[in-house]
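We just call them A, B and C in the order they show up, numbering each chain from 1.
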Amino acid sequence: MTLEIALQSVVSGLMFGGVIGLVAVGVSLIWGIMDLINFAYGEYLMWSMYLTFFLWAGLGIEPILTVPITAVVLFGAGVLTYRSVIRPVLRGPIFAQILSTFGLLVLLRYTAWLLFRPDDRQAQSALATSVVVLGGLRVSGGELVAFAGSLVATTALFAFLAYTKTGKALRALAQDREAALALGIEPDRLYALAWGLSTAAAGVAGALVSSFMYVNPLVGDVFLLPAFAAVALGGFGNVYGAVAGGLVIGVVNVTGGTLTMPKVKLALVYLVFVGVLFMRPKGLWGR
Amino acid sequence: MNRRLLVALAIVALAVISGTVLAQPKEVVIGVIVPLTGPAPGTGQDCKLGAEFGADLINGGVKAEGSGLLGAGWNGIPSLGGAKLKLVFADSQGSPEVGRAEAERLITTVKPSGTMGAWHSGVTVAIAPVIERYRIPHTTISTATELTQRGFQYLFRVGVNAHQGGEVLFQYLDWIGQQGKKWNKLGQLHEDTAAGVNFANAVEEMAKARGISVALRVPYSREQANMDSEILKLKSAGIDVLVQTSYTSDGIIIRKTMRKLDYAPALIFSQGGFDDDPKFYEAVGDDANFGSKRQLWSPALSSTKPILKAVNDEFKRRNGRDINDNSVRYITMIQVLADAMNRAKSVESQAIQKALVATDLKAEQVLLVHGVKFDAKHDNVLGKAMVAQIQERQPKIVFPPEAAVTKPVWPIPAWSTR
Amino acid sequence: MLLTVGDVHATYGRFDVLRGISVGVAAGEIVAVLGPNGAGKSTLLKAIAGFLPPRQGSIRLSDEEIAGLRPSALLRKGVVYVMQRSSVFPKLTILENLEMGAYIRPSSPEVKADIDRVLGLFPQLAGRRHQRAEGLSGGERRMLEIGRALLLHPKVLLLDEPTMGLAPLVADLIFEKILELRAAGTTVLMVEQNARLALEVSDRAYVLEQGQVRVEGRGQELLTSDAVRRAYLGGAAPR
């Protein structure tokens, strides 16, 4: 194992981790604001990837350029999901909430299965195959754009949460729902917005990864499972921690796999996940 | 009209009707379980086209008289009064669970006289006990070693097994050495289901028997978005002869990652799979070039056997593509089943099974490089392969020398020069 | 009466916590609600603030029925509620907490001016406006909560135990602020544990027991009434 290989694996891990981070941010947002785990989150990502694929296959749109479209469509899908599925169970027992997002998972996955069959499909992109070499370290154009896109999207979300009145209200709502209510902050509209933003993040991520990853009805798991680990690492519900968690998970995955055996890289991810839960139940950056 | 006349008429009518039924050539149903959707839909499509073409050959729709091919000039199965083959397809989706359920459904609903499939070794391993339980004569091209180790009576492997497929690699490496070309370390990269594991085991055994050590073995699970650590591992270990078993989507990611991380071994050798699927070529374009694979058929071969060229031309006219390793094996499996039924003079499963055991098809009678003759375990003793290298996005036979249409490019050129 | 609660019954599910309560608050008054733990004092404020719609009875603001309205609607009518427990947003800065106080008001220069005014009212907060609220002491949190409420220019301010858990000096300070507010025209209905202090600053008071009004009267009268003293002021004679 040369230093060059090790460094390369870290760079590769960061590239991969950027995307995991964006997915984790989407999960973490809903978790943080509504105390709700959206098990169906990977399915939104999958649907975004299909959207990107068909925009590419039908209209010849470069995958990366579908970002605004997938973001808007998935935003709408999130709002719709909140209004039709989540709101009715929000006051119900936690069990009903978990069951409803599981139900969503099944519905979204098997609708895709019926419509698209379990075929792997992949948009072709010249950008994705181009290789960028910097000081001997190598990344593909597709990864670089996905990494940058993830950072831009998460930064935009951070800025929104930190600096806008609505963003602050979302955070206030997350911290103390009753106190927010007493100040006239109506949860319903904000929850819908949070769902829209969360699924829009899946929309962006879906378009970004489509240049280097194929889509099939099961592809959501490929991203969601590491993203869950990133969410835990970053502190449940801590949107900022989720990005950092994603980067760590990416490096653990690739560098860990390279240093030991690639076959165990997912196991390493879960080892870190369990280890952190054990030693710091609130996550590395949990507060 | 009196009563007696009425009865007489009725009897005549009945006789006419039943006579028609008797005179009508029967249909013989063959169930084909292939991955029509799922991770390898392109592959399943090739299998389907091959089976359909094979059935049409038997049914008299493909003109190949005088070719010596089994089924040429037939009009249905001769000994069964010209009974036509009817294919019923079932989609395994590339999944053992789905495959098993589909096999069960196919067998109980359409009651086929024979079945074939399921392409993916892992799926075939899953459906084999079902086939055996219902006693359905079954042919397969799956390579997993265990398929013929378990004493199945009704399963016959028409294609090569993992050892036969791997054998040619070592013959090729010997020959390459004789050409004065060098290599250092053999490593393996394979997906972790039956096909990948079995082939890797077989290669490892054969290597050991020849005193070659496998320097590194990297199994991986298929559903993942990032394969950098796999490639970095191989690159840092200095593996320059790489044996790779991948399906299409993972094969695409791997090839792209190889380019990205500038990993170009001297040889990439596969047992088919990703590099038989048109989608692989669509996705990686010229980056598909210079990979090598064990090859059972080549369009280029047909220039030496004119009749095969005519058959390939007809196939291409119908389907818009050349016969490839997948379609050719499904054509052959149809020939094998039809031949057995013809000799059995029956569609009764035990009779077909007995006939299959006695199969003796020469290389000239089938499109594959090898003929078909089963040993006690139902492996094809004639099974053997050639080595093809992908050049200009086509498999070109480079070994053995007597069949070669071109010289191998060795080593694979560095990515920076491509 | 500015605020009239008439025969209100309210329940958390099993049995009525408020059992026919009637309370009135005139414009400009400070009215205190006293009573033992669990009497239903907080529940009364919750019912008025829209957090627990009454099962029966009426709540009027001037002449308008407001029972069952949502908290946000009540805020717009000038009914502002500060709950018993601490309700600052711990991870938001003091300034952000105040901005959230003005959430229902469209952003404008007036809002900014109001926030500056509130910070002027509580100098301890002003210097730390960019710090998170989680670093504040109990008294400072109360000030922030009251400050937040002020941004809505309440007609009626509902305060639930504003001095609970505070050091006497701090509690005095809070009461001082409440008197200032009243002087500025705000009507106050507050629940207090510290009956003696509450009765001193309030115009009138109600004593609740088991969801019903037991005694009602002017603050000073109750302070000297034997019955009340024995029951709720620990029996000690007024100093």
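Methods note: a contact is a pair of C-beta atoms (placed from the backbone, for glycine too) under 8 Å apart; a residue touches a chain by one contact, two chains touch by 3 or more.
Bear in mind that the values here come from a model prediction, so they are computed numbers and not experimental data.
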Chain contact graph, described as a line, ring, star, complete graph or other shape: line
Chain whose averaged C-alpha position falls nearest the assembly-wide average: A
Separation of mean Cα positions, chain C and chain A [Å, integer]: 43
Euclidean distance of C-alpha centroids - chain A vs chain B, Å: 40
Chain centre separation (chain B, chain C; CA means) in Å: 81
Contact set on chain A toward chain C in their complex: 165, 168-169, 171-172, 175-176, 178-186, 287
Contact set on chain B toward chain A in their complex: 37-39, 41, 93-95, 192, 218-221, 223-230, 232-233, 235-236, 248-249, 252-253, 256, 259-262, 279, 282-284, 287
Chain C residues within the chain A interface of the complex: 49, 51, 70-72, 75-76, 81-83, 87-92, 96, 99-101, 103-104, 107, 148, 152
Complex contact set, residues of chain A against chain B: 1-2, 5, 8-9, 12-13, 16, 19, 117-120, 122, 124, 128-129, 131, 138-140, 209, 212-214, 216, 218-219, 221-223, 253-258, 261-263, 265-266
